[in-house]
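Per-chain numbering from 1; labels A, B, C and D assigned in written order.
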Amino acid sequence: MEVFGLWLAAFFTLGIISFLYKDNPWYKFSEAVFIGISAGYWFVVSFWDNLYAKFYLGVTANDDYMLFVGAVLGAMMILRLAPNIGWISRWPLAFVVGAISGFYLMNYFSSNVMKQVQNSVIPLFSADYGQSMFTESFGTIAGKIVIAAGTFTGLIYFFFSKEHKGAFGGAAKVGIWVIMITFGASFGYTVMSRMSLLIGRMDFLFGQWLGMIK
Amino acid sequence: MDCTGKSQKYTYIAILTLFLSLLLIISSANAVNSEVLVEDTTSAFIPNAPTYVTATDYKYDRGESAIVKWQLSSDDNSTGKITGYEIFRSEADADNFVSIGVVLPGENSFRDKSTENGVSYIYGVVTLYNGRTSQMVLSEPITPGTEIVNWNLLNLFIIGLLIAGSVIFFITHAKRGKKLFIRKIAGLEAIDEAIGRATEMGRPILFIPGINDMDDVQTIAGITLLGRVAKVVADYDIKINMPVARSIVMTVGRETIKEAYVSAGRPDAYSDDMVHYITDEQFGYVAAVDGIMVREKPATCFYLGAFFAESLILAETGNSVGAIQIAGTAMPAQLPFFVAACDYTLIGEELFAASAYLSNEPKQLGSLKGQDVGKFMAMMAIALGVFGATIAEAWGGSFFIWLDEFMHRLFTITN
Amino acid sequence: MKKQVPLTITFIVGVVLILSVFFPPVETWGEDFSLFFDIIAVFAFFLGGGNLIRVHTERIAKKKKDWGFSIITILGFLIMLAAGLFKLWNPGDISADVAATGSLFQLLYDWMFNPLGATMYSLLAFYVASASYRAFRAKNRDATILLIAAFIILLGRTPLGMYATGWIPESFSVLQIPNLAIWVMTSPNLAGQRAIMIGIALGVVAMSLRLILGVERTYLGMDID
Amino acid sequence: MNKKELVAVIIIVALSLIFYFGIKQPIVFSSTVSYIITALIGLVLLYIFIRTVGGKIFGRRTVFLFVGIAVVLPFFMTIKQPIKSSPEVKSLYDAVLALKPDSKVLVSFDYDPPSAPELQPMAESFFMLCFERDLKLIIMGLWPQGPQQAEMALQRAFLEPDIAAKNLKYGVDYVNLGFQTGNEFVIQRMGSSFKSMFQTDYYGTPYDDIPLIRNVTNFSNIDFVFNLSAGYPGTVEWVQVAVDRYGVKLGAGNTAVQAPQMYPYLRAGQLVGLLGGLNGAAEFEKATNIIGKGTKFMVSQSFAHVIVIAFIIIGNAAYFLGEKRREENKPNQTGMNNQPGAN
């Protein structure tokens, strides 16, 4: 049985890779199977984990009747199909958007603004508060200056209320340069991870399936 | 759309003074209640056990944590005779002491985060030296209670209030007809040009709202921009194709486009098939969208929302079919690919500003100004903080030390 | 009724969640509200799944191009549902773990879902290489900076970088490519990430406020009436 | 299916059968053969460079084929690779070493098979290190397939002779709590009680029947948390909730694409260590002197990097020498140069 599974997996792997050559029936078959199976997979995972585990067990096991609010809102979402009272589906949607806005607002603000600003407040020329000056290597001190100046000018680039002209425009230009270095760095890292994925698949084809690799 | 320079300057000066005065109030409040534990360090009767074990309810929580403090044992000195302290806990009436944590020598407090609200506990602390423990010193029984307001987050509340307040201020300010100036965003100016291209070439527009559900603010921003694009699509009757990866996004997308066709006075031209669900699976979705691009060859592609690894496949395939591509996302890892392969890219915050910018309604632009106030405060905090810290390091002026210390505390969240 | 109720729901729920952070007794409401979202999402799945079947059955009925593959998509969807929801061909009975080893659901996952997803993901390596060759041009100063930074990181993370710049003396060791790559990661990259993070967070704050205050209501499908 | 496609499929099926049955033991090139092949790949790159600058832009398929070959051939080569260990990898290794025997380590698997090539080697070498240091492992996952990946990593760790000799018992030395949905809210609720989130473990045994975690109520009984993350939910959520709210000590292994975003957290002390991509896995294997898949894949990884760098150089060289002159007036300017225009 295991061998059959290996060949099936290899069949689909080669089917998807064939898209690189051209859109062909082998690829279309693999694509069709993938769309059907993946839609089914997420439906099942969501059914067992959310509907069964969270809702059904939530109500029966620890009598959390508040969960019915979720079920009612969910049922309203389905009512969109009903011709005349389709507009009722806006209520659960309003609930979702309200909850997400409220939660995200505080979460993003405390972790991304408060924490990051707190960590930007660092002495430039010494390791940390209370240590002597110029003890660190040239690279670290230059790094700290770049961090403080880069964050500052990066924020200037995102400023909406002032035209990027004159000194302000200059600072914004430095800001976009720093942001471009950040994009370059994550581009480099992304290339690395994509290549590892390909290596993983090739290891499957030539290693597990054909057994040609030590 | 130019706001008179003078009133804009006043608003910033007003906000700055408001910002500084409020900060002074907070700092004075914090300085008062930072308890300075003044203890007379009499020698401990029991030579190596810790002394004065006190347990207090941790302020501002749901009664689920308590603070245990003790005076270091006399043997806890550089000779390193002891290896740490162990903390025990038992319910007030029962006598079953359970160990809840061990701390290194030199530490004199421990926060127990697993208490139950309303149950009274007794804590005991012993010193450890290589396996053997000293005699346990007990604390008075305490019952952790719930506090209504979490005063630790006062600074978060004040700063949040300031930013939210400035957003609301600018929205109401705009409602009274004040003109608000917003700088040009290249990516957004290009949207009309990109749609125009689709009308000329008579080829469809492909709109991709990202692959996250409506529980992601980026998807909501994408759908809001769909509202603007759909308006133009409805007016010029351009074919729009919107494959989606989430069911709720499908219903919202249909609602948005139908509304655009209704307000353009052509409800019959709208059909539900413009927005169709593919699959929730990230790469099943990308495979299908790639197929659509290769087969239908859209003139313009919009990628506005949350994207993950598939951003490059979409942008590269769009490139190969020769479409104008406008992308916008707040996912830092994907921005490099959109920036490198698409014609215009809305970077992070610009995606959220886009809907307000395009609407040109004063109310919406007001919220952008509020965002700028937040950035202005962050920039001031970084500049003042770094300046204070560096000078404090160099010459140690007490004002600068206070400034550095203050900036740190202002943006620290204790929980 | 149609317009006011949704907006008031959004406003109340939004404000309650914002304030709940500051009052310990209601601190956990954020968690409970997220439970409701998960349940709503499951119901919405019925809409999505239903639409998938409708679109593909229509394609089969009208014999549109590639209708044969629509049959396969529907079959795949239904088989996966049968294996998952009713746990057919599952060694255990209905109460067994849905992905128990040996169950059809697990086999479909290991033999089809996993290789298809992983291979689709690995196509990116080919696309990145072809995009580097055809699309990523240093057309302007910003693009040049982006590509130079990418260069430094890519070289810094391979032994080639060490060979090429091993000769730089120790005192300027930061200029050796691997150290330079680490410096780029820990300084300019950090500054850029921080600026973007702060920007995005404030964008989210403003967007959330616009939604809660009802200034932004396109998601409800109604324009400013 | 026209004739040409049929022929292609037949060839592929024939080749796979030949390779599958024909070749019994793995192929290994001697080091001389390896260097010859490397030189050959270099020559092909040079050829592409000359032709592209000459004006002939190669099609996408040639690039795809070349990348495929250049990634597969190194599997068979024997080339020694000096791997440099960066500070963030060392700090993770030191953090694990600082843990006393029998300390409890929570490992969260937040990734799925597509990200396995980068994160699975990290999981395997982390497990081996923990078992060698007699640490107790509590495994969980915020992605549905996470716990399955953990099981595979456990089996791989038990193949090591000195770990097998310890005959570690499930439920006493390590436990797998399985997957729980709810993303960052799972972490939030684990802050008050693990049991509320994991009534049973991956095999269905109730929480209280497992000796290892019977008196583990929440994060305050956990000495170290290690999170393997490929996206959302992942390390960002573990930092925002577990570290910022409950003050746990957190180390992380991330796919290379995510690593740059984690440096602000590393610098702020919210992360005590970070493994970035396959390179991070190889460096960690070097630190724990285990030769795993990380090190083996590094040869192909280096070849792949060189190819991407070469293609960027070739593409831009052709652009500056050839295309730029021809398409001086092309209107399509990228969004990056947002020249400040008059309003």
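To be clear about the criterion, a residue touches a chain if its C-beta (ideal position, glycine included) is under 8 Å from a C-beta of that chain, and two chains touch if they have at least 3 such contacts.
Remember, it's a predicted structure, so these values are computed and weren't measured experimentally.
Averaging Cα coordinates per chain and for the whole protein, the chain whose average falls nearest the overall one is A. Placing every chain at the mean of its C-alpha atoms, the farthest one from chain D is found to be B.
In whole angstrom, the spacing between the mean C-alpha positions of chain A and chain B is 15.
Here the spacing of chain B and chain D, counted between their Cα centres, is 27 Å. Separating the CA-averaged centres of chain A and chain C is a span of 4 Å. Residue positions of chain B touching 2 or more other chains: 156, 163, 181, 183-184, 214-215, 217, 220, 248, 251-252, 255, 278-281, 283-284, 287, 309, 312, 332-333, 335-337, 339-340, 347-349, 353, 368, 371, 374-375, 378, 413. Looking at chain A, one finds that residues 10, 16, 19-20, 28, 31, 34-35, 38-39, 41-43, 45, 49-50, 54, 77, 80, 90, 93, 96-97, 100-101, 104, 106, 109-111, 113, 115-117, 120, 148, 151, 155, 158, 163-164, 176, 179-180, 182-187, 189-192, 194-195, 197-198, 200-201 touch two or more other chains. Counting partner chains per residue, chain C has residues 21, 30, 34-35, 37-38, 40-41, 44-49, 52, 109, 113-114, 116-118, 120-126, 128, 130, 132, 134, 136, 141-143, 146-147, 150-151, 154, 157, 185-186, 189-190, 193-194, 196-200, 202, 204-205, 207-209, 211, 219-221 touching two or more of them.
Chain contacts in this assembly form a complete graph, since each chain touches every other chain.
Those residues of chain B lying in contact with chain C across their complex are 60-62, 146-150, 153, 156-157, 163-164, 167-168, 171, 213-215, 217, 220-221, 223-224, 226-227, 246-248, 250-252, 255-256, 258-260, 263, 273, 276-284, 286-287, 309, 312-313, 315-316, 319, 330, 332, 335-337, 339-341, 347-349, 351-353, 355-356, 361, 363-364, 367-368, 370-371, 374-375, 378.
Of all residues in chain C, those touching chain A in their complex are 2, 5-7, 9-18, 20-21, 30, 32-50, 52, 66, 69-70, 72-81, 83-85, 98, 105, 107-126, 128, 132, 141-143, 145-154, 157, 174, 179, 183-202, 204-205, 207-209, 211-212, 219-221. By the touch criterion given at the top, residues 10, 14, 20-21, 24-26, 45, 49-50, 53-54, 107, 110-111, 115-116, 119, 163-165, 169, 176, 180, 182, 185-186, 189-203, 206-207, 209-214 of chain A touch chain D in their complex.
Remark: chain D residues 57-58, 60, 63-64, 66-68, 71, 81-84, 86-87, 112-116, 145, 148, 181-183, 185, 188-189, 204, 260-261, 263-264, 266-267, 277, 279, 301-302, 304-309, 311-312, 314-316, 319-320, 333-334, 336-337 touch chain C in the complex.
Within the complex, the chain B residues that touch chain A are 8, 156, 159-160, 163, 181-184, 214-217, 220, 248, 251-252, 255, 278-281, 283-284, 287-288, 290-291, 294-295, 309, 312, 332-333, 335-337, 339-340, 347-350, 353, 368-369, 371-372, 374-375, 378-379, 381-383, 385-386, 388-390, 392-394, 404, 407-408, 411-413.
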